[in-house]
Every structure is written in C-alpha cells, then in structure tokens.
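Dropping the structures in below, format is structure tokens.
One chain, chain A, appears in both complexes that follow, with chain B as partner in the first and chain C in the second.
Moving on, here comes the complex of A and B:
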C-alpha cells in the first residue's frame, strides 16, 4: 500500500513535466502539421542551459530556469525562421527530414561541447525529503510539480484569453480564413513554434535537476512526447495534458511492478494499444484546439 | 549501350577485390555494401510507397540478433515456467531465419500503423527501434545485454570436393555480400516494375484516386513493409556474421539516419539512388574521421540532410538524369512539329 502510494505520488510529480512536453509538441503539430523532431533537443537544451548558467556563470537556480525557458523560445523561433519558413507548404516528409537533420545536428553539437559524461545540476533545495504520512517526496520534485502545473495553466490561459492565443486558435481551425481576417500566419507559425519550444525547454529545465543531464536525454524525451501526443490525439492540448499524466502513471507503475529496465518502453506499449483500439487518440474532438 | 551498362557495373562490382588490395579498404567496402542493401530496403518503403520508416535499423538489428542466436543457440526461461533450449544450428541457417523474423516484425508494424499512416508510421517505427534496443539491453538471458553476443560463427557452405567451408576470408565474404546485394536489387527492380510496384507508386502520388480504381492500400503497404523489413534483416544477418559481435548499440537511431541520408542523397524512388548515396556515405566517414571527432561527423550529416532537402530535394540520380535529358534535347534537331510550325506562315 505504501509502495503504491509512493509510486502514485512520483507519477503525479513527473506527469506535470510530461504534460508540458506533450502540449508543446501537440501545439506545433496541430497548427503547423510539422512532426517536430527537435522537440527532445529543446528539452535537453533547457537542461543544459540551466546547468551552464548555474555552474559556469553562477546564476541563481530560479533565475537560470527562467532564462533557460526564454532562451528555448528564442531558439525555437530561430529554428522555425531559418528551417521551416523557407519550405512552408512542403509535404510532411520534407519537413520531417529537415527536422531530423536539425535534431542530429543539435544533439551532436551538445555532445561535442559538453562531452558524453552526465552532468548534475545543483539545487537550493534541502536533501532531506518531505514526509507526508506514508510517502516521502523531495522538495525539488514538489517544486517541479508546482512550476509545471503553473505553466500548464498559464498556457491554457494564454491560448484561451489572449489575442495571440485567439489568433493561434483561428489559424488552427482554418489557415486560409484566418489569413483573410488579417492574421499574420507566418508570425503565428513562429510564435507557436517558439511557445512549443519554450515548453519543452521548461520541461528540460525542471527535470534536468531531478535526473542527470546527458546529450542523449532528448531522444527519450522526444519518444515520450510522441507517445503522449498519440495518446491524446494529434493536435489536442487537453489530450496532451491528460496523456502526460497517464504516461507518467503507466511508466511509474510499470517500472515498479513489471520491470524497471523497460520503463522507457511503456510509451511504446501505450502507442500500440491506442493504435489498436482508438487510433485517433483518446480525447479527440474533431480538429479543435484550446 | 543500354544492355552493356549493367554488365559493366556487374564487372566493376565483382572485380572490386582485385583493385582493392588493402584489407582495410576491403573491410570498408563490405560494411558499405551491407549498408547499401539496408538502404535499398528502406528505399522500397520511403521511395516507392512514400512511408518514412525511422526505425529501419530495428529490422536490421532483429535480423542480426535472430541470425546470430540461431547459430549460437540459447537457453531461456519464459514466464510461466516455459523453458526453451535451442541448440546451435549451422551459421548459414541464420540467414533465412533472420530474414523471416525481420519480415514478420515488418508485417506486425505494417498491420498496426498503416491504419493511420503518415506521422503515425514514423512514430511507431522510431519507437519500435528504441524498444528493440531496450529488449536487447535487458533480456540478458537471450542477448547477453550490454556484454554483447560474441564469437558469432562465420557462414559455412558445403562445397563439392572441399566439404564444409567456413567463410573467414574477406574476399569471399565480399562476394557473398555482393551476390545478396544483386539479388535484392533484382527483386526490388522486378517488384517496382510490376503491377504491385505501379500500385505502390499510385498510392504515393494520389491515394484517393488509387483507392477509387480498386487498389487495396493497406495490403500493398504491408507487402512493401514486409519485403523491406526482410531485406533489412538479410543485411543484418550479413553484418552479424561478418563483424562476429553484436550489442544493443546496433539499434541506435544514428544508423537509421545513415540509411535515410543514403537514400535521400542518392535519390529516393530510383533504383540506383541508394547505391550512389550508399557509396558516398559509406566512404565519406573514412575520409572525415581522420580529421574530426565522431560528433562533428554526425553534425555534418545532420547539416547535409537539411542542405540536400533544400538544394537537391529529389537526390543526385534524378538530377543527373535530368541533366542528360536536357542535353539530349539541346543536341537534337528541333522536332518535326516545330519545323512544320515554322513553315506554316510562309505557305
């Protein structure tokens, strides 16, 4: 019983960052029809940015996270502007190949610069975990859950209640009509990609201190994000949020009761089950967002 | 001339060991040839059906592991008390086993993901490769995990007069790989020039139209996936019995990237494309590696992939064909129709 509670608590804490990853990817796919293979690299970029700012420049941990997220947004905007804008309207295979190229390039530039040895990020939180009845949770993980949840709510607020968010929703529903209404579609694409990238960087910046930072951490993150997005339905934000928590629970329970070695394979199991029984995802509302 | 060309290339291929006296270059050539077979199999899916398999290395690795385990034997305990002991078989038996097992995996993946296609197929294949890596890493009883499968025996064939002959020689193994490569090339050629191939291309170009004339989409896509996976499995088996040691690293995504870049550089959807791309990217690392770190090599691959998609979206082979076509048209005297047109106002 205690073990089960502990697993559930861990999953809840992990789920918020998974949801961030999923929302970022599903936004970009929903609006731009781009399978963003650089998503995992922005995740590891977020983690490395925090590590670099803190260890090399001596920046405060919390400030480092904020800067990392902003840098992630900017990097995302740059990728969209330099690589995707010139091939706008190309078929999905072409954009996928370009994104794969960018993925390989980014990952290996990290490997070149940081080396293959895992880095750990120091945090200002006490080592001793918090005892909550039967379960114990580290302060860092609570911080991750709180910030992750705040970011999820903020993203919802941004999409539902701001002008830019409205423009994003309009573009999602109908590119051409949105353009006719005077929405700058190219700008919306860049903004969406920047937003999605920033969320990925935030997930990396939050999970980097929990685990270790390595150049290949993005691969697994990408695969998890894909699983989350298929689970929730491509382009569905609420689906991605719930999907993120579902994946975290399945992983945590699978690792706890089946085999810890296959923890990262759980996402694939989810993909298979979803494709077998409900290929459009669990929460599909036909082509709507927000 | 047209007839002579294939014979010329075959001659070049089969006399290669004579030119390449250096065993290191022969080794590189063999590895390159194995990867070209894998790239050709990827091209069948990517080039002719338009489905990007990003887990192609999974089929390659499955072929390698299945083949190696067939010839090494194993002893595993399955849940439910099922105890399976497999005594080592002759190494050559691993080759068909590798092909069949990889083909079956291709069938399952195809059946599963071609219901929805496109982005889904890409995601399913890439996840599949990662799961295979985890299985190879964690199922230690079967695969030895990170300790790798060692001492994989070389292929052995029974020759009249000589008896059992084990292929240790690089030169002989090169001919084995070359023969498999030529066989795969011919199979793909026959396939894409048949009704089936035309159906696949029709699906790629205009799916709704293809369906409306009665082409069974899922059936043809699954068929392509099975053929493609089986050939990748054959390449994997060759690889396992050539390098004689395989570990879970064989499932790394970077090998899929190598195959993809070979296909798109050479020209997807052309028979010669994967070969041209394969030769370039098989030998390029040898040149590059003496100057830069592996990470830089992969950075160059990533950048090249983007540059090729931007500048040469159809690949080298179609670009060359186009060049010769243009020259032919420039050399040729104007068409009769054009002359008639010029004559018209006078009369």
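Moving on, here comes the complex of A and C:
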C-alpha cells in the first residue's frame, strides 16, 4: 500500500511537467502545422538559463526561473520570425528540414558553450523530504507541481478568456477566415510559437533543478512531448494535459510493477495500443494534419 | 560566387590533406574512442584528459621510437552505434595502429567486430563486462577489472560488513547486468541473500519508481552500479524518498568528490568500490607516479573529482606506449603481439596481461587493484575493516 501510494505521488509530481511539455508542443503543432523539432532544445534552454543566471550571475532561484521562461518566449519568437516566417506556405517537408537543422544547431551550440558534462542547479529547498503519512516527497518536487499546475491553468485562461487567445483559436479553426476578419495571422503565429516555446522553457527550468542539466536532455523530452501530443490528439490542450499525466502514471507504475528496464518503452506501448483503437488520439479534433 | 565558394572549399580540403599528410610522417597516432558527450560525458572527458597527460609526459621525454605520439580523439556520444562508427573512422581514415577505449561495456562491445575486421588492437580502460575478454577477440587488452574480478576482490572484505540481504539497482546495459550477476553469485557464496534486481535506462533521470520499491524491501543493503551523473540523481532522489539503506556502489566511475559536491549530505555514509585513491596517494602501488599525476592534473585546472576516472586514461596510454616501444614499430600486428610482453606498474597497480577467453584467440586481462572507500561528513575516508 505504502509503495503504491509512493508510486502515485511520484507520477503526479512528474505529470505536471509532462503536461507542460505536451501543451507547448500541441499549440505549435495544432495551430501552425509545424512539426517543432526545437521543442526539446527550448526545454534544455530553460534549464541552462536557470543554471547560468544562478551560478554565473548569482540571481535568486525563483527570479531565475521567471527570467528563463521569458527568455524562452523571446527565443521562440526569434525562431519563428527568422526561420519560419520566410518559408511560410512551404510544404511540410521543407519546414521539417529547417526545424531539424535548427535543433541540431541549438544542441551543438549548447555543447560548444557548456561542454558535455552535466550541470547541477542549486535550490533553496531543504534536502530532507516532507513526510505525508506513509509517503515522502521532496519540497522541490512539490514546488514543481504547484508551478506546473499554475502554468497549465494560466494557459487555459489565456486561450479561453483573452482576446489574443480567442484570435489564436480562430486562426486554428480557419486561418483564411480569421485573416479576413482582420486578425494579424503572422503576429498570431509568432505569438503562438513564443507561447509554446515559453512553456517548454518553463518545463526545463522546473525539471532542470530536479534532474541534471545536459545538452542532450532535450532529446528524450522532445520524444516524450511528441508521444503526449499524439496520445492526446493533435492541437488539443486538454488532450495534452491528460496525456502528460497518463504518460507519467504509465511510466511510474510500469517501472514499479512490470519492469524497470522497460520504463521508457512502457509509455510507447500505451501509445501504440491507443492508436490501434483510436488512430487520431484520445481527444480528437475534426481535422488532421500531414 | 558559387564558383568562388567551390574553389575555396577545394583549397581547404587540399590544405587539410597536406596537414594530415605531414603529421603522418612525424608522429605515432593513437586512437582515443571515448564518450565526450551524452550520458557518460563526465567520465569520458576525465579519461581523455588523463590520456592527454600521459601523452604529453611521454612526448616531453622525447616520444616513442624517436617520434612524437599524437592522440586522435573521437567522441562516441555514449552511443554504441557511434562508438563503432568512430572506431571504424579511426582505423580506416586515420590509420591508427592502436586504440584506447571505449569506456562503457556496450560501447566497447560495439567496436570489437570492427577490430576483428581491420585487425587493430584496443586497450580497454574502463569497461567491466565479462563478455569483452571472453568473446575470442585477440585484439582486446583490458586493464580495468571485469565485474567478476571486482566482485572477487570485494569478497575478501565482505564478511566484515555484516550484510544480510542486498538489493541491486543497475544500469540496463552489459555493465550493470554483468555486475548484478557476478556480485549476486559472490554474495550467495558468502551466505548473503539477493533480493530485488532493478534496472534503469542509461539516460533515465527519474529513478523514484525503483527507489520506492527498495523502500518497501527488507534488504539492509542496496548495491548500485552506474556512472557519476546517474548516481548523483539516485542519492538525491533516495534522500527525497527518505530511503535509508547501506549504499554500496561499484564500477569505479563514481567520482566521489563530484558526488559530494552535487548531492551534498545525501551521500554521507555511503560506500564505493574504486580503483584509484587520490586522497591517499601514498597508499597506491606507485606513490611517486601518483603524486606526479595528481600534481599535473591540478596544474591543468581540472576538477579533483575526476582523478578516480582519469587515471584510467593515463595508465592506458602508458601501457600502449610500452607496447609500441616493445613492438619497435607502429604496426597493429606488432603492437598486438607486444602487448603480451608489457609489464609496468601503473597508478592502479601492475599491468601485465593474462590470457582469457577461447584458446588460440585469447584476449588480454590484467588484475587490477580494488579499494573500498566511504564518505563521512562530506569527506572521503578509507574505512577501517
């Protein structure tokens, strides 16, 4: 019983960051129809930004996270403006190649600057865990869960209740009509990419201190983000949120009760099973991409 | 414009060719195949820096056979496929007569068929899987202890640790699985029960699921096998779960000082099997050489934590240099034969190869020294047992 509770707590704590990763990617994927291979790199960018601000500039841990997220948004906007805008309307293969190029460039730049050895981020949280009855959880992970959840809710609010969010949704539904209604489509694309990138950077900034920061940390994150998005249905924010939590629970319980050697495989097995029965993902939109 | 670019490119290629051509005549090349990036980057960089120190030392004394030695360093990215690719590149394009590598067991095993194909020997400095020297590959010469030798050495003191039952957490590759098998067998001989054997992927960052299982287990000891980065995470996550066990790590890639720096109090009262003790150089088989190496390492501004790993690169290059000298020429087959006559004292101890594996195509294996250390209040000590 104690073991099961501990597994469930672990999965819950991990799920929020998976959800953040998934939402960020599904926005870009769903709205812009761009297969964003740089998503994992924005994740590692967020982690490195926190490390750099804290270790090199002595910035407060919490401030460093906020700055990292903002920097992630700006970097995302820059990528959209410099790489995607000039090739707008090109076929999906061209866009994919450009994004793969950007991914390789970003990863190797990190490698060049930081070296391959993992970095560890210091946090102001105590090392001793919080005892909740039978289970113990680290303060840092509780912080991650809280901030992750707040960001998820804030994203929902932004998409559902703000004018820009409404414009994003309109563009998603029919970008020609949205353009006719006077929505600045190019601006919406930049904003969407910046938002998605910011969420990836946030996930990195939150998980960097929990784990270790390496130039290749984005690869597995990227893979998982794609899995979550496929699981939840392309372009579906609720799907990505639930998908993120499903993946975390499957991984944790799979590693705990089936085989720890196949932890990562477990998540993908679930995806294969779901796609067999619901080829468009759990929460399907009317249209498909690609 | 395009013509000009083409012209520049061909000029650059010609220039590059000229440079490598000139070098080939003056130097003896030694291929170095290490994980400089990816999951084992920390360890691979330490080993490579140790190798560089040995090479510089040899060159400062006039080199080998009247020529300077030149390390051709390639990054295998902690990935077996890459290890085989860069190994092939070293043998075919750089035409190195001998190599050092490839850190991990799975990485080394991936290079081995290529060595059979191109008939170039490799000195294995870190890998511990028993398979490597038992595969019938006569180009393999290993100075690191296979997990069976490590387990045997640990067996000599195990009774004094009063372990009743041990669980295992091992990296899910040839290294970890081999260790669980060999240490498990040794434990059973000493009447110690073996409980859970859990695995973790090479680049896994969250081991909470496995640790939660150990928390529910009745074993008093947890044996952990992986490299420093994953160990750091394991100790942090174990502390976060309130997991209190007798931790013993194996494999010699722990870099205890890095663990102390990155995981803090979480590593207190843990024990580690290592193959070099830079904290007490006078306890090593060649104290003068150890002190010289440690001083040079510090002079170059490298992290002290890396010494428990970098000595492997240093010993490796020195053993290779001894073989080249005995061979009298930089020829793969001559060097392979000469390895059998190498008998030097490295930082870890005597390097002399015994035959292992199927008759007629034996690999070389030396018998390295193994130390048990403990971390107490953020300091490394040699436990009195």
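Note that in this section the second predicted complex is superposed on the first by the 283 of 290 C-alpha atoms of A that agree within 3 Å, B and C clash if a C-alpha of one lies under 4 Å from a C-alpha of the other, contacts with A are read in each partner's own complex, and residues count from 1 in each chain.
The rule is short, and it goes like this: a contact is a pair of C-beta atoms (placed from the backbone, for glycine too) under 8 Å apart; a residue touches a chain by one contact, two chains touch by 3 or more.
Remember, it's a predicted structure, so these values are computed and weren't measured experimentally.
Engineer: After the alignment on chain A, I want to confirm one thing: do chain B and chain C clash, or do they fit together?
Structural biologist: Aligned through their shared chain, the two binders clash on chain A.
Engineer: First (chain B), second (chain C), both or neither: which does A:194 touch?
Structural biologist: Neither partner.
Engineer: Pick one for A:234: touches chain B only (first), chain C only (second), both, or neither.
Structural biologist: First partner only.
Engineer: Mind working out whether A:83 is in touch with chain B, chain C, both or neither, as first, second, both or neither?
Structural biologist: First partner only, chain B.
Engineer: Thinking of the overlay built on chain A, is A:98 touched by chain B (first), by chain C (second), by both, or by neither?
Structural biologist: In the superposition, A:98 contacts chain B only.
Engineer: Classify the contacts of A:109 with the two partner chains as first (chain B alone), second (chain C alone), both, or neither.
Structural biologist: first
Engineer: Identify the partner contact of A:136: answer first if only chain B is touched, second if only chain C is, both if each is, neither if none is.
Structural biologist: second
Engineer: Looking at A:264 after the superposition, I want to know if it touches chain B, chain C, both of them or none. Which is it: first, second, both, neither?
Structural biologist: Touch partners of A:264: chain B and chain C.
Engineer: Looking at the overlay, does A:272 come into contact with chain B only (first), chain C only (second), both, or neither?
Structural biologist: first
Engineer: Quick check on the superposed pair: does A:3 touch chain B, chain C, both, or neither? Answer first, second, both or neither.
Structural biologist: The second partner, chain C, only.
Engineer: Please identify the positions on chain A that touch both chain B and chain C, taking each partner from its own complex.
Structural biologist: On chain A, the overlap between the chain B and chain C contacts is residues 111, 220, 259, 261, 264.
Engineer: Applying the document's contact rule, which stretches of chain C touch chain A when the two form their complex?
Structural biologist: Residues of chain C touching chain A: 36-39, 41-42, 44-45, 172, 198-201, 203-206, 208-210, 212-213, 215-216, 229, 232-233, 236-237, 239-242, 262, 264-266.
Engineer: Using the touch definition from the top, list the residues of chain A that touch chain C in their complex.
Structural biologist: Within the complex, chain A contacts chain C at residues 2-3, 6-7, 10, 14, 111, 115-118, 120, 127-129, 131, 136-138, 140-141, 211-212, 214-217, 220, 251-253, 255-256, 259-261, 263-264.
Engineer: Over in the complex, which chain A residues touch chain B? Could you list them?
Structural biologist: My answer: residues 29, 35, 83, 86-87, 92-94, 96-98, 100-109, 111-112, 219-220, 223, 226-227, 230, 234, 259, 261-262, 264-265, 267-268, 271-272, 275-276, 279-280.
Engineer: Write out the stretch or stretches of chain B touching chain A in their complex.
Structural biologist: Residues in contact with chain A: 46, 50, 52, 54, 112-113, 115-116, 118-120, 122-124, 126-128, 130-131, 134-135, 137-138, 253-254, 257, 260, 264, 293, 295-296, 298-299, 301-306, 309-310, 313.
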